[in-house]
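Below, each structure is written out as structure tokens.
One chain, chain A, links the two complexes that follow: it is found with chain B in the first and with chain C in the second.
The block that comes next holds the complex of A and B.
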């Protein structure tokens, strides 16, 4: 019993780190755009299918597949940004949301059209043997997932706090008007942030696909939902919150899956999410006062 | 000819779905729970006629009222959160409803066979219309009479003080509160009205397709529901109607000849429409909802946003 809980927590933390990456991608986009991008998951899906295509055509190894996944996700995201965000003026948040919904339909249809089958194989890391630490098992894919996510988050932290681009992103997230006045090229920084988010989402998508070993076009909607949920659990506008939200979501799902089965897992997840939102409207990393969001944005 | 009647029926139920989201959106709330409400209405009305042998009219009315009660109960906690948090909270609620029906098995014996919701199988044989000998044009007429009644009611409400109150809350919550409006009452009221309309729409939908299952009421339907009023604009209820005709009629049916590539053009046209009319097709006097996804408006931000918009 106790051992099960420990085991589930470990598995949950691994998958949760991928959720955390998705949530961080969402947070970056939301931070600079203040608009919801429903097509974030579907653009990651395009990347994953690009990787799977490379794998099935030339049985490419892990690294080319990884690069193809990132490239696909970045290209699809650039398309989304140009069409649904750059082209629509900043205060029409709902128009961008409806527009990114339409792009989601487009991307999904395009992928289904090019890949008519139901599921496709994705290369996995299963050649590495299972690790045993005492009575607890650690799947190598999970370990790789966790370490990659951690490395990427450290890199992102470095970019945001140590580079000029990072400073511009933070300025833009803090106050768009002040950023513009102080000479930040707002449109360009927003575009690059969008692409950065796509890279992070692409890595998360690659890790998840490489763990499961098979993919369907449904993964687009799935990734949007998980990222959105993790971001909101953690509290809007905070990268640390997004990561924590992802880890919490992963652990809760793993426990519920073990004790209640697949259907129970979904119900428990959504019920907890609803309760968490209603009881802690500013998320795990936020504070209840009105200044919390500004504060959170400053920390970004 | 039956095909066109079938199409009209789809327009009818989707108009109800869109209007239910429209009412909630008027107060500035983006609700993704409408598909969940629609599901509750569908199962409730199906149960009334197929399991208990009721007439269609009270069945649809019961479905609407039941859904309104659920929407009211959900509205109180859900509307404590705003903007994106509300989107996700209502999304979670919608999925909870869908999963509830996924797991619900409740059958009674009627006329020698078991009828009722049967988990993942769905709820089969809601055959009120064929059993009672309704012609397809009668069914279509019935649906559009209900749609017309609801549209006239909404149009009338929009011209009274209640409509102004809803719009005031949608424009600027702080200002609305400062002139003494009770925000909670207005928002929960709009949610309840939205739930009532969605419940009726769902109830009718269940009877036109005769077989409902949980998968229909997912995130996709919820997104369609909110896309109608966004695309149509909040200027008038006819915006939603036009958006339904545009999406369901032109984009989904009209482009069918394009086969597999339909969705690509579908997406492109919606994007084009949103680019040309960011506040919707009929949105000239629509409230600006920039504050929805932005920061909580304080004076400083507000002035900036207004400047940007000019």
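The block that comes next holds the complex of A and C.
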């Protein structure tokens, strides 16, 4: 029993680190745009299918597949940004959200047209043997997932705190007016942040696809849901919160899956999410919600 | 009318309930991804009432509507104080919660020698009121149209009175609304109750048309669609969301030319409309201009 809990926690932390990456991607976009890009998951899906295509055509190795996944995600994201965010006035947050949903449908339909089958194979890391630490097992792809996510988060931390671009991103997230006045090229920084989020999401998507070994177009919806949920549990607009939210979501899902099965997992996850929202609206690491409320309302 | 036209019109009518339901909340400044939950509640409650308990049709549909409205109000009670994004995710969480509960919800009783009622993920068969009462598809379309007319009439009454103005001021500027002496939270809860009831009415009518419902039909996609309908059609009048449904189902699903590229065409169309008109085709300004023109 206790051992099960420990094992589930380990598995959950690995999956949760990928959820955390998805949530960080959402948070970056939300931070600089104050708008929600619900086509984030589907953009990642386009990347994953680009990787799978490369794998099936030329049986490419892990590194080309990885690069193709990132490239696909970045291209799809750039398309979303141009159509749904750059072309729509900044104060029409609802319009951007609806528009990104429209692009989502386009991306999904396009992928279904190019890949008419139900599921596709994705190269996996399963050549490495299972690690055994005492009585607990550690799947190598989970370990790789966790370590890659950790490295990427450290890199992101460095970009955001040590580079000029990072400074501009943080200024823009804090106060768009002040950023504009002090000479930040708002449109350009927003665009680049979008692409940065796409890279992070692409890595998360690659890790998840390489763990599962098979992909369907449903992964777009799945990635959007997990990222949104993790972001909101952690607290809107906080990168640290997004990571914590992802880990919490991963662990809770793993425990519920083990003890209650798939149907029980869904009920528990959504009940927890609902309760977390109602009782702890500022999230696990967020700021007080009062400012966010007036800000959000002003923009809607 | 041929059978195809009738089924397309029925679909347009049924989706209009969902779209209007999401639109009512949009008007008072709340984004809901989760109106499909009340659609599902209406479908299951209405279906159980007529098929399992053998209630008359009107009473069964009424039961679905009341249940949807009450649950809508109860869910809104703790969630209305959340900010826009949080509210949107809370509605999504509730809708997925309802769907995953329906996946394990089993309630079967023997009716005329057959086991009838919802059976978890296998769905809910034999909601046969329309067959047993001998209602033709055209007649059922009339029932849907009557229901839709009632909803439009109710909203028209609210627009004549103070109700709609109160919703709009709460949506535009809740702080100003509070200063005017309006109880912002109570108005939001009322709006969510109304929206829940409208969606449940659509759901109850849907269940009796389809005769079969299952939890998988009430996923996130349908909820986001119904939200998008209002945004494309426009926030200015209740005909906005209906226009959105017409564009999607009427124009694209029915024209076979587009059938296999429907989502690509519809998606591009929506993106284009939103770039040109961020508050939809029939936005407030257009509606005022049309009203002024009609008054002349």
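Just so it is clear, the second predicted complex is superposed on the first by the 286 of 300 C-alpha atoms of A that agree within 3 Å, B and C clash if a C-alpha of one lies under 4 Å from a C-alpha of the other, contacts with A are read in each partner's own complex, and residues count from 1 in each chain.
We adopt the following convention: a residue touches a chain if its C-beta (ideal position, glycine included) is under 8 Å from a C-beta of that chain, and two chains touch if they have at least 3 such contacts.
This is a predicted model, so every value here is computed, not measured.
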Clash or fit, chain B versus chain C on superposed chain A: clash
Chain B versus chain C as contact partner of A:75, first or second or both or neither: neither
Chain B versus chain C as contact partner of A:177, first or second or both or neither: first
Partner chain in contact with A:97 - chain B first, chain C second, else both or neither: both
Touching partner for A:278 - first (chain B), second (chain C), both, neither: both
Which superposed partner A:236 touches (first chain B, second chain C, both, neither): both
Shared chain A contacts, counted only where both chain B and chain C touch the same residue: 30, 36, 38, 83-84, 87-89, 92, 94-99, 101-106, 108-110, 113, 221, 225, 228-229, 232, 236, 263, 266-267, 270-271, 273-274, 277-278, 281, 293-294, 297
Parts of chain B lying in touch with chain A, wherever the complex brings them together: 30, 77-78, 80-81, 84-85, 87-89, 91-93, 95-96, 99-100, 102-103, 219-220, 223, 226-227, 230-231, 260-264, 266-271, 274-275, 277-280, 288-290, 292-296, 304-305, 308-309
Sites on chain A touched by chain B in the complex: 30, 34-36, 38, 83-84, 87-99, 101-106, 108-110, 112-113, 176-177, 221, 225, 228-229, 232, 236, 263, 266-267, 270-271, 273-274, 277-278, 281, 290, 293-294, 297
Contacting residues of chain A [partner chain C, same complex]: 30, 36, 38, 83-84, 87-89, 92, 94-99, 101-106, 108-110, 113, 221, 225, 228-229, 232, 236, 263-264, 266-267, 270-271, 273-274, 277-278, 281, 289, 292-294, 296-297, 300
List of chain C residues in touch with chain A within their complex: 26, 29, 31, 78-79, 81-86, 88-90, 92-94, 96-97, 99-101, 103-104, 121, 171, 173-175, 220-221, 224, 227-228, 231-232, 260-264, 266-271, 274-275, 278-279
